[in-house]
Each structure stands twice: as structure tokens, then as C-alpha cells.
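If you scroll down you'll find the structure; I have some questions about it.
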Amino acid sequence: MNAQHLDFYMQTILSMAALVAFTSFLMLGQGRLLRLIFVFAIQGLLLTLTTGLAAYSLDNPHLYISAVLTLLLKVLFIPAMLRREVLKMAMHRDVEALKNKTLIMLSGASLMIFSYYILHPIVQTSNAVMINALAVGLSVVLLGMLLMISHRQAIAHVVGFMSIENGLFFAAIVATHGMPMVVELGVAFDVLVAAILFGIFFLHIRTSIDSLDVDLMNRLHEVEK
Amino acid sequence: MIAVYFILFLALLGIVYFALIGHRTDVGKINTALNGISFLATVWLAVTVLKHGTLLSENKAFLIDSFNVYLIVLTAFVGMTTSIFSAPYMAHENAIGRLNDQRLRLYYSMYQGFMLAMYLVLTTNNMGVMWVAMEGATLATVLLVSLYRTPEAIEAAWKYFILCGVGIAQALFGTVLLYYAAVQINGIDNALLWTVLYEHADKLNPHILELAFVFLLIGYGTKMGLVPLHNWLPDAHSEGPTPMSAVLSGLLLNDALYAVVRNKMLVDGATHAPTASYLMMGFGMLTFLTAALLLHRQKDIKRLFSYSSIEHMGMMTFAFGIGGSLATFAGLLHMTVHSLTKSAIFVTVGHASQLAGTQKMEQIRGLIKTQPVIGWGLLIGTVAIAGFPPFGVFTSEFLVLMATMHSYPWLTLPLLLGIGVAFAGLFRHIQPIVYGNKPEGQEPIKANLWPVLIHLALVLWLGLAIPSFLADWFSQATLLISGEKLL
Amino acid sequence: MNWLIAILQTALLVGLSPLLAGWLKRCKCFLQNRQPPSVFQPYRDLLKLTRKQPVLSHDASWLFHFAPYMVLSATVLAASVVPFIAVDLPTSATADVIVLVGFFAFARFFLTLAGLDVGTAFGGMGASREVTISSLAEPAMLMAVFTLTMTASTTNLAFAIDHVLQAGLVLRPSFLFALFALLLVAVAETGRVPVDNPATHLELTMIHEAMILEYSGRHLALIEWASQLKLMLYGVLIANLFFPWGIAQSLSLNALGFGLFAILLKLAVLTLILAFAETAVAKMRLFRVQEYLGFAYLLALLGMLSHIVLEVLL
Amino acid sequence: MLFLAYLAVLLSIASGGLALFVNQRVFVSSLWQQLPVSLRQQPFYCMTDDAHWRVVIQRSVFVLLGIASVAAIIAGLGGLLSKQILTDQIQLGLPWLPWHVRFDSLSALFFLIVGIGTGAVSLYGTGYVKHYQEQDHPFAVLGLFTGLFVAGMLLVLLADDAFFFMIAWEVMSVASYFLVAFQHENPANRRAAFLYLLMAEVGALAIILSFGVLASFSTGISFEAFRAAHLSDTWASIAFCLALLGFGMKAGLVPIHVWLPEAHPVAPSHISALMSGVMLKIALYGFIRFCFDLLDKVQWQWGLVLLLLGTVSALGGIFYALLQSNLKRLLAYSSVENIGIIFMVLGLAMIFMANGHPELAALGFIAALLHAFNHALFKNLLFLGAGIIQQQTHELNMEMLGGLIKKMPRTSVTFLIGCMSISALPLFNGFVSEWLVFQTALQVDVLESGVLRSLIPITAAALALTAALAAACFVKVYGITFLGVPRSHHSEKAVETTDKGMLTATALLAGLCFLFGIFPSLIIRLLNQVSSQILGQALKNDTALGWLWLAPVDAGQASYSAPLVLVSALIAAGVCYYFLRRTPDTLIRKSATWDCGFGGLTPRMQYSANAFTMPLRRIFAPVWQLDEQVKKDLSGALNQQVDAVHYQLHIQDHSWQWLYQPLENGVNSIAKQVSRIQTGNIRTYLSYSFVTLIVMLWMVS
């Protein structure tokens, strides 16, 4: 089946999915921290919109709450915090030179295909859109991990971590119209605490190695140099 | 059921209380008291479960069955004994100025936070909430790992945080998938409750469940320290304060395993294929062998024993992977004895490193001649963990071997090899530590060895004879997990 | 009655052993055209020694007194086991050939200990060499003996001899090999040329003499007598095991007489051969002895194998 | 019977427990004060001071151990005489599998062995532990683990299911490990202890695995179920090999013997006596139990394997013993030799069994058991004697000893008897068993296979070589240690021990060695019992010629009457003594040793232990890894004058180079490779989990 047979809600969901995936790709290739954070905020925004849309179309009140939570956490609080860090460390000028960027992008694309491939066997059981949404969610998760693997800045790691959360959220919202309320709240709480802890850690890391480059943190190894 | 609320509330109270006045001198005693009370409560809970069987709270939020009840008791017990140990330990750390009052506050309050998370993981009926609590446990402990604020500690904490965070996120994805599979079945509401899921297990879509299990295994496996997801574990164990290492090894790993096994039960119910079993066996064996080899390369005493924890988790995973009543029974028993023994060992290790003023093994020498209690405690504990009878670890390992011999005879060879290698790895390091003459300027310290004594005595008892009520729990749990009756 | 005869025969064996030594010396002198002493010279020597006053070192312990008696009585026991002039005597049942070897080991044990007791270099040297040679010789000897015993399927000497007698003259390759092996071993064990030379007291070469260097008087007499008896025993063993004909199978008087005559004749011949050998070959270096005994062992092994492979017909 | 057996176990545990109170005088006396006055009437004098208290406790510990051993001996004898099999269950262990207990004549025999060994040790111990400083070597540890050790051995004999057996087995191993590590301040002990525990662990794993093979063919893991199991030949052989590995490692077969010469010398002497004299026999028991009782039938190939292994062990053991200069190390190696002999004849028994000659199998079986019994006696005796020497001279290196026969007359006599029995001289027990071994080996004519018929006599000759070398070896031991002139001031100043217990213990064992050398039929009749129960076949006419005679197969084939031999020996000796009795003019004159007229004999001129074995060392050189160094201190004009010559001899076991070092290096290098995964870079770790996720997703979908 193809797009014009779907109702407006489905179409929007699909385009949202496309946009979310696109933002992940942007982040993956992004060398400048501030832009990275900005794109991350955009992704959060998209997520909020999706949630709101789902809440509206399924008139499911508790999704509104999670939409608001997402907005507060992922669009406002975390980006702001990260931005502050970057400015404090005066890292907003330097660009992280990613080694073989093209390879990373290619592998990201192949990851997307891969996630479709592994979710394929489920298709016959349920409608395609949900599967696509799940696939997008999964690929966002994987792309987030790839982001963490490819970037060296602790801040980039945080962004990657959070974008993994986004991917999960997206999948949860679209595929299963959100988790039960208690779980939503719990997850949101965890994310909040995590964000605060990240803030604390930046402080500690700076004080210990006065840089946020994670490659410098390799005291605890067992390889004989 | 009130007991559950009581315990949770008590822990919550502990968090707040210690956060406010956690730096007093008597705080250690209060901590012990709190844990002691909750331990008694859990015993009461256990007795009720023993009487009336499985308990389900009215709002279906909490589920106490024979599988998790003894884990709850174990958790409370280890929590209590460790708090007994941590009182003088932390006082000493404070005295020598490694910790200031504020961090002491943080420590005690987070200790309670960790206990809360553990209780929640075990008691909840909602696998989403379980996930939340598991993440909560990470968040609670991550600051304790970096408590000493040394570069190593911060590095370890960061790795712990990131790796476990990412891992646990995958677990959440698995949960979402499960939920998705559940909501496919029409006419089913609040589909994240274990009870509901178990009812409809056979209707769930096997494909989705297999995928979900992969995510869950990797997610919770990261917390369990399955190779190759284990890398954070030795760092976190070796850099944090020793009581933390004790509870991490003794409790957190168990609870992660608990989560995996619960999910395995579900998946086995849905897909009647051995995929899950094979995955767990593969992971278990890999973990077991790798950790056994890595034991030989250690220089830091706490790192050494954290690797031995990894090794034992590998063995348990393998046992549960084999499935079948005997192996499952062995797995349950091993969970118990391992957490008892390992926490006891960490207690002695903590004292030993305080005694020598370092965790570097080549600088700790002649413990027996310096302070016999600690030396013998460490030695006997190591003998127990290395799987020598009449200690309980031997019993479970023996049963695992027998079960393996029955189902997959050729797998016994790597298993035995691993046991031998692991034993050598442990003793080549421990022997010079405990034996030999006392080095200059190494003086006895004030130590509280009762926890060690109690734990080892319990392990010994379990090795000689398994009390009937415990045997009943185990056999019911075995029935629950493997679907076969043992006794 | 039987017991009496057995004891008498043993006594006879013990009593005749110096005579054999005398006869051997005589043959050698004859071959090396020297003026021989009387055949009874060994008796005189022994008698003289018993009359002399023994001198003991200050460092000697009780074991030093004790050893000669032990040595002699062990050898005498061995003598009581070996059929000399008559076959089926009760004493031979008290001990079989393995026990016989055991008796020799017993005697050697005390002799070597005595050698070490005083703490001179000579004693130690002798003891060390003695145990070396004997531990090489013993397996060869047992190998050779086993060949016979397996043929006769008994380790009891009397029964073995009976078996050979019953079988009559059968040409067995295994026996040939065993015979040669046993001859070589006997030479080594009794300390004759080329392994050891009882006639010399040259430090570098002596073995048996070095051990007993500290002995004198009656103790020396006992030991000398024991070694003569040992020589005799090996002779009797070889003679009666391989050429038992003539030995008394009944206890009638003339049978016994004939048996005595026969064995004396055989011994005389054997001694002659030994004398020839001792005159012909020179004493070899200590560290060539293992080759010598290795050869003996090889022969014994060949005997064993030829018995197993060629002669056992199942 | 069973009650006595339990009593023995409990008492030995109790003695261990009591040892813990050795430093608790204050505590106990406070308890004492709690008692009502009526009980406190009689004076409790030993509360007075610590030293006295310690002595009292040590005494009572060993007394308890002694009672335990007596109980064990009675239980053993009773079990052997009453031809019944007792079974029982103890409500311990796994919920669905209580500890099964079975007390048959095999267990009874080994109970007897353990009992005798422990009895001697309990007599001996009190005197021996005196010289340990309490703060350096706490008696609490020694006593506790000694008790547990003995209890473990007894429990092994009682166990009737795999689980209980393994527990008892490991208790035995671990307790003895702590005893080996008792004097842990010197590194040799630590190394030995580690090696010992490691090999014990590996052996135990092999045993578990062999049980596992049986278990997978049977309904449970109790021995009853095992007996019922029928294995295919391949699996039976696998189980056999595993059991051989496991039990052989404990028994000390070459090449898996290396822990033995390390561990036995460093343990306290009475413990080495227990380990070498008794524990090796427990391993033997386990092996016999497994092969002849649990496995439903034996195969002749196994017998062949045992025969060859046994021969190699016997020769290797005695060769290495020959060159040792440390007394206890030498004794340990000679244990390897004796174990080799035992396994060899067990192999013969298997061969005969599998070829359908049960009565010959019984002969071999009994020979093996008898040799085990005898070895327990004289090895105990020798180790205890070595202990006395060590205590009196603080020296175990033979090169430093000498002349002790005049300083320590009693010890020297008992030790001499030990040496004579172990070098298999007639009139002593060692000879009887080796005689039986030879008799077994000489029965090959009944076999069809020509290979076996030619192989077995050769092994018999090898055994002859072993016996001869053993004699040489112990001539060296006794000659160098007790005879000659003292080689150091240690042995110069040595005096006879004053402790009655130690002398009694050694004298007792020596007496037993002699007794069973003269009246072997006493014990052989009991052994018949065992073989008729285990093999279902006893010797037909072990006493055809009356009880004075030993004619195992047939009076016509071979017979040996030790009593008559003894009598005639006495007659012979008596006669010549009578004729040579001291007439006044031939009184013995004492004078200086003859020094060839040069003068100035010094103790350093005597033959040393190394010099004594030099010819054999030269002849059999390839057997050892010898590192022989001679250094000369030269001086004077043109460095012509030799001031001193330094001689160094270092002997290394071949198996180290070929077996153990490769293993160790292998494990280390693999570990090193594996440890490269711990790079310390978090991004690497992340990529691990990333890749794992991808791979596993790909696998399941």
C-alpha cells in the first residue's frame, strides 16, 4: 500500500518519522557542538509535536502530559544546560574532526535498512505504519549509539544518550500510543535525574582532566602498554 | 502486603532523613537499624507468602511470588549486614579524611536509595516500573562510585553511567516491543503487568518476543556484567567505597539476573523454541570463561573479586539457560550463596585494604600474622567462592555440572576448565596476601567481622544441608520458572 | 627324617664351601703355573681368624658387630633352600627362589650398612659400588630365574628341578639364554673377575674388599665364609637347575651318595670354567660393568621371550 | 560397627573443635565461674596459667584423636570379621538426596589403615607440637585441621553417593592444604600448598566428571544407582580415564605426582605421615571403589594402562628418591614408587579379571591391598622417625647428618626396621606383599594374548629393578643419616628424644611391621574377605599348608613360611654366635679407625649422600634433569693451588619441563590476549555492545 490511501494522521506520522530520522542523521555528521545541541532540540520538538498529534487524534489525555514533559526536558532544559556547558568550556568554536565521516554516514544508512530488515517478519501481524514507526525508532536508537561511538566529546555522548531516549519515546508513542502513565512519569523522572547528574559529572570531569574529551579518560585499562 | 509498603516507605524515609542529617556520628547505627527493621519486615512477608502462597496487591501493583520473595529476604539481609560493616568502615574513612560530612550524607542517603530501587525491582508487578527502578538503581549508585572524587573514580563512574544508561535504554526498547506485542492482543488492558502477560503468554507474537528478548537480555545483561558488556563492572567495583561494591556484587547483579529470568519465563511461554535458552547459555559460557581467564591478570584486589562476580554471574546465566528443574534449582541456590559469600569477601577485602592502606595486591601481605580474623576471613571466603565443599557454592556448582552432564555432556569440559582456571587465578593472588610474615608498619585496625562470620556460617549451612522451608521456596520457584517439578 | 636330612644337607653345603674356594684357587694357580696352596687353606684361614682378637674402630656402632652374624645366617638360610644333593626336602618349601634372592638382598643390606658404619671413604666407596652392581644384577637374575620358573610354572626350586627331571633332556633355547645370563650374573654377584677381584686390595678397583676393610678377627671370618658360601650357592644353583641329573630323588642312602658325587663333579667342572675365565679376561672398569650386566639382562630377556614365543603352545 | 564409625568421625571433629580453645583460657574459666558451686568443688587446677592450660588442651586434643582412632580400628576389624554390609542415611545434603552411608569390608579395611595411622600420630603428636611457638604457629589451626582432615578421610570411606563422597573428599583435601601451608612464612611451603590445592582441585573436577558420566547413564547420583548402570564400552573407558586422572593425581602417579614431593616435606612431620601413609591410600580406595565396584565390568586395556603407568611410577619414583638429599622429600618420592607398585598389580588384577581368571584377579587384588596396608605402616613409621630427627637436630638434609645411631639408639632401631621393611627384605612385611606381586606377575601363562604374556614379565623385571634400587636408596638413607661420623654440629649435639609418646608410636609401628612380616596370613585372611565381597572371589587355598605357610595359588607352585625362616635364622645366628662366643683371649679391642697411615681422618672424608649414588647417577643419567656444577677456588702462583672445591647438584623433574610449564605459560598468554578487550576507552566499550546488539538481532531474525 502506498501513502495516499492513508488518513491524514498516518501521513503526518510518517513524515514525522522521516524528519526524526533525518535529524538523527544530521546529528551523526555534526562536528560543532552548538549545532549538535540545536539539532537535538529540534528532534525533541518533533517528538513533542508527534506526541501532541497522537494525543489529539486519539484524544488520549495522558499523552498531553508526556508531550509537555518532553517539551520541558528535551527541548528546553537539557539543551540549555548543555549549551551553558559548551560556552563555559569555550568549546563553541572548535570543530571535532570526525574521522572518515562518509563511512559513518553510510553505516548509518545501512543501519536504517538493517532495522527495517529485522522488523520485517512482524509486518504481516500488524499494520505497516506502526512497523515503519518502530523501525524508525530502532534506527534512531542505533544511530544514537553510533553517534556516541563516533564522537569524542562528553557532551556529544550526552546528546547521543538522550537521542536514544527520543528514539525509544517515538517508538513507544507511535507504536503503542505511549506507555502506561506511571511508566511515563518514571521514565521522565529518570531522564531528569540523569540530566542533573550529567551536569554534576561535567563539573567533576572538568576538575579532574580539565577537558571533556572522553578519550582522555583511560586510566583504568588492563592492556600492557 | 503491608510489609511491602512498609519497607518501601522506610527506605524512602531513610533517603530523606540521611540527606538532611547524614553526617552525625551515630548515623551508621541508625542505618543499620533501618535495614534491620526492613529485614524483619521481609521475614514476616516471607512467612505470609509461605503460608498463603503468591500475594498480589489490590491495585495489582505488587506481586510477591515464591521466586522473588526469597530474593527480597536475601536483599534485605545483605543490605543489613553490609550496613553493619559500613558503619565502622565509613567512620574510619571519615576519620582519615578521605570523606567529608557532606559526602557521608550523600553516601547514607544513596545507600537507602539503592535499597529502595532494589526492593522496587523485586516487588513490582509492572515490568515498566521494574525498568524505571533498575535505572533508578544506576542513578543512585553512580554518585557513590565517584564518591572519592579521584580521577579514576570519576572515570569509573562515568563509564558506569554511560554504559549502563545505554544498555538499560535497550532494555526499555525491549519493554516497548513486549508492550507492543501485548497490545496487539485485543481486549487486554494494562498489558505491562507480569500477571497479565503470563496469562496471555501463549497468544503473544513469537517473532516480536524474540526480538524483545534480545533487547532485554542485552539491556539487563549490561547490568549483570555479561561479557562483552561487562567493561564497566570492574571499574565501578574497584573505585567505589567497599560497602558499595559489596551490595553491587551481592544485590544489583542478582536483581538484573532476576529481571532477565522473568523475561525468559515469558518468552519461553510464548515461543516454544529454545532461542532464549541458547542465547543465555552462549552468553553465560563466554562470560564465565573470559572472566576466569581475566582473574589471572589483576593487580587490584577489589577488581579481582569483581571479576569473580562476573564469572559467577556467567555460571548462573548458563544454568538458567540450560533450563530444566535441576539446573534452575542450582541457579537459584547459586544466586543465594554467591551473594552471601561475595558480600562477605568484600567486607574482609575492605578491612584488608584499610589495614594495608592500599588496594594494590602486591602491597598487601601477611594478613594472618597481622590480624588473624581478617586473614582467615578472607582465606575461608576465597575457599568458599572457589567452590570448595562443604560450602554452598560447591553444592550449586556440582548440581550445574550434573545438569550439564545430563543435557549437554560436552559443555562440561569448558565448564570444568573454567572452574580450574578461575580457582588458580584467585589463589595465585590471595595466597601471598594472607600468608607470609607481617610487613613493617602494618598494624591491626578496628574491624567488625560479624557479617563475615554470619554469611560464611550460612553458606556453610547451605552446603551441608538445605533447610526444608528454603527447599520448598526453591522448588516452587523452580516449578514457576522451568515448569517442571523437582521434588 | 626329612628334616634331619635337610639340615644335614645344609650343614654339608655350608661346610664344603671353603673347600670350593680352595679348589678354585688351586685351579687358578695351576693355570697361571704358580705353586698352589693346599685345598684346605681356606679352612685354616677361617680358623686362624676366629682365634684372633678382633679390632674395632671407636666409631663403630652395635650394627657393626651385628652385621656379620646377620650376613652369615642369611646366607645359610639361602643355603637351606637350595637343593644340594636331594630334591624333595621340606626346607625347600619354606622359601622359593624369590625369597632366595631376598636372602641375598638381606645379607647385602647389612654388609653395605656395615661398610658405611665406620665412616671411612673406603667403606662408603665399597658400599656404593656394591649396591650399584647388585641393583643392576638383580633384575637380570630374576629374569633368568623367571624363565625357568615359568617353564616349570612354579617358583619353588625343588619342584622346578623335578619338572626338569621329568621333562628329560629337552633342548630349550630359553634355557640356553637363561644359563648364560645366570652365569654372567653369578660372576658379578659373587664379586669375581672381571667385575671385582677378591685377590686385590688396590683402592681404585676393590668393591667387596673395600666394604669389609675395617673387619678383623671372627667378624671377618664370618663374612669371608659367607662370601665363599655364596659362591658355592650360585654354583649349586646353576648346576642343579640346568643339569639336575644325578641329584637324589629318593632318600635312599646310595641315591644320596650318588647325588653328592654328582654335584661335586658338576661343581668341580664349573669351578674349572670359572678359573679359566678369570685367567683369560682382565678386570673391567667400574663404568663398563653396566654394559656387562646389560648384556646379561639382554640374554635373560631373550630367554624369556623365546620361552613365551617359541615354547608355550596353547 | 556403624556406631563406632560415626563415633570415630565425631571424635576427630571434636578434637579439632577442642583445639580452638587452646588460647581461650580466660573465656573458658569465665564459663567455669558460671557453673554452680556444687560442680566447682573439685579443684580445676589447669585454670592457673596459660602455659599449663595449653599443654592440657593439647594433650586432650590428641587423646580425643587417639580414642577416635581406636574406635576406627575396632570398627574396621569388626567390619572385616562380620561379613555384613551396613547402610544408613544421614539427613543432610540435598533435600531430595540425603547422605548415603555404606560400610562394607573394603571401607572397613581402610578404616583399619586410617585408624592405625591416626593412632600412631595421636601418640606422637603431643611431643611433636611442643616445639612450635604459639604466636607464630598457633596450635588451634593445627589441631582443628588435623581433626577435620582425619574426619574427612573417614567420611570418604563411608560415603555412598557422589555428592557426599565429593564433599568428604574435598574436606580432606582442603584441610590437608591448610596443614601443608601451616608454616607459611617460608615461600617453599606457600608454593607447595598452592600446587597441592590446585592439583587437588583439578583432580576433584575430574572425579566429579567421571561421576557425571556414570550419572548420565543411571537414575540418580547414589552409588546404588551407579552400580545398576550399564555403560557402553567407550563411555566406560572415558569414565575410567577420568577417574584415573582424578584419583591418580591424589595418589601421586607419574607424571601427575609433582605436588607430592613438594607438599609432603614441608608439612609438619606427623601430618606428612598421615598424608603419605594414609591419604594416598584413600585415593587408592576411591579408585578401587570406582573401578571394581561402581563400574559394572573391567576391560583388559585398562589393566594394561594401569600396568604401564604403575611401572613408570614405580621406577620414576625410586629413581628420583635415590637422588634426594632431603630426607622427607626422599620419603615422598618413595611413596610415589610404592603407589606405582600398587597400581601395577591392580592392573594385573584387571587383566586377569577381564580374561576370566577371577582367582588370579583376587590374588593381584589382595597383593595390592596388602602392599597398601604395609606401605601405610612403614611409611608412617619412617615419616615419624624423620620427624624425631628433625626435632632433635633441626636438620633434614642428610649431608648434614650422620652418626645418629649412637646419639639416638631407640629411634635408630625403629628407623632401621622401617628401612628394612620398605626395601622389601625377608622377615618384614614389605617383602610379603612384593612377593605376592611377583607371584601374580608369574601367572601370565594362563593368558592367551602373547603381547601381555611377554609384557608382564618385563614389568616384573622392572619391579625387581625397583626393589633393588629401593634397597640401595634406603641403605643410603640409613647409612648416611644414622651411621658414620656426625657431619655437622647439629647431629654432633643431637640426643635421643625424651618424649615417651613419640618413641611408643614409632615402636608400635615397627612392631606391627615385624608382626605382619612374620604372620602375614593374619591380615591376608581379612583381605580375602574384602576380595570376596568386591570381586566375588577369594583365594582358594591361602592356607593349604597350615597357618604358618603362605601359599597363595597352590602349594605346588610357591610357598613362603616366614615363621620357619625366622626360626632357622635364629638357629643359624645362634649357632655361630655360640661357637664364636667371647673366649677371654679374643675380647674385642677398640682402637682408632684405620687411616691408611696418613692420619687425620675427618668427617668430611666420609662418603656423602651424593657420592653414594654417583655410580647410579652416572649409569642412569638420562632419567633426571641434572644440573651438576663444580667450582674450584684457585689461588697461588699461576692459579695452580686449589683452595676449595664447591659442588652443586640440582635435580629437576622432567614432567615440569614437558607438562607443567607449557600449561602455565599457555594460560598466562591466553589471559594476556583476553585482557586486551579491557582497553579503557569508553567508545570501544560502546562499540562492543553496539556490535553485540547488531549481531544478535541479525541472529534471531
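Points to keep in mind about this one:
So that you can tell them apart, the chains are marked A, B, C and D in the order they are listed, and the count of residues begins at 1 in each.
Basically, a contact is a pair of C-beta atoms (placed from the backbone, for glycine too) under 8 Å apart; a residue touches a chain by one contact, two chains touch by 3 or more.
These numbers come from a predicted model, not from an experiment.
Of the two interfaces, A-B and A-D, the higher number of touching C-beta pairs belongs to A-B. Centre-to-centre spacing of subunit A and subunit B amounts to 31 Å, using the average Cα coordinate of each chain.
Subunit A and subunit D, compared by their mean Cα positions, are separated by 70 Å. Computed centre separation for the pair subunit A/subunit C is 101 angstrom, with centres defined by C-alpha atoms. Inter-chain spacing, taken between the CA centroids of subunit B and subunit C, is 79 Å. Annotation for subunit C: no residues touch two or more other chains. In subunit D, the residues touching two or more other chains are 672, 675, 678, 682, 686, 689, 693, 697, 700-701. Looking at subunit A, one finds that residues 118, 121, 145, 148, 157, 214, 217-220, 222 touch two or more other chains. Across the assembly, chains come into contact as A-B, A-D, B-D, C-D.
By the touch criterion stated above, subunit C contacts subunit D in their complex at residues 50-59, 61-63, 65, 69-70, 72-74, 76-77, 80, 91, 93-96, 98-99, 102-103, 105-106, 108-109, 112-113, 115-121, 123-125, 127-129, 131-132, 134-136, 138-140, 142-143, 146, 149-150, 153-156, 159, 213-214, 217-218, 221-222, 286-287, 290, 297, 300-301, 304-305, 308-309, 312, 314.
Contact residues of subunit D toward subunit B in the complex are 91-96, 136, 138, 163, 166-167, 170-171, 173-174, 181, 184-185, 187, 190, 193-194, 197-198, 201-202, 205-206, 208-209, 212-213, 215-216, 221, 667-668, 670-672, 674-675, 677-678, 682, 685-686, 688-689, 692-693, 696-697, 700-701. Only residues 672, 675-676, 678-683, 686-687, 689-690, 693-694, 697-698, 700-701 of subunit D touch subunit A when the two sit together in their complex. Only residues 402-403, 405-406, 416, 420, 423-427, 431, 435, 438-439, 442, 444-445, 448, 450, 453-454, 457-458, 460-462, 464-465, 467-469, 471-472, 475-476, 478-480, 483-485, 545, 549, 555-561, 564-565, 568-569, 572-573, 576-577, 579-580, 585-595, 601, 603, 605-607, 611-616, 618-619 of subunit D touch subunit C when the two sit together in their complex. Within the complex, the subunit B residues that touch subunit D are 158-159, 162-163, 166-167, 170, 207, 210-211, 213-215, 217-218, 222, 227-229, 231-232, 234, 275, 279, 290, 293-297, 368-369, 372, 383, 386, 388-390, 394-395, 398-399, 401-402, 405-406, 409, 412, 416, 419-421, 423-425, 427-428, 431-432, 435-437, 463-466, 468, 471, 475, 486-487.
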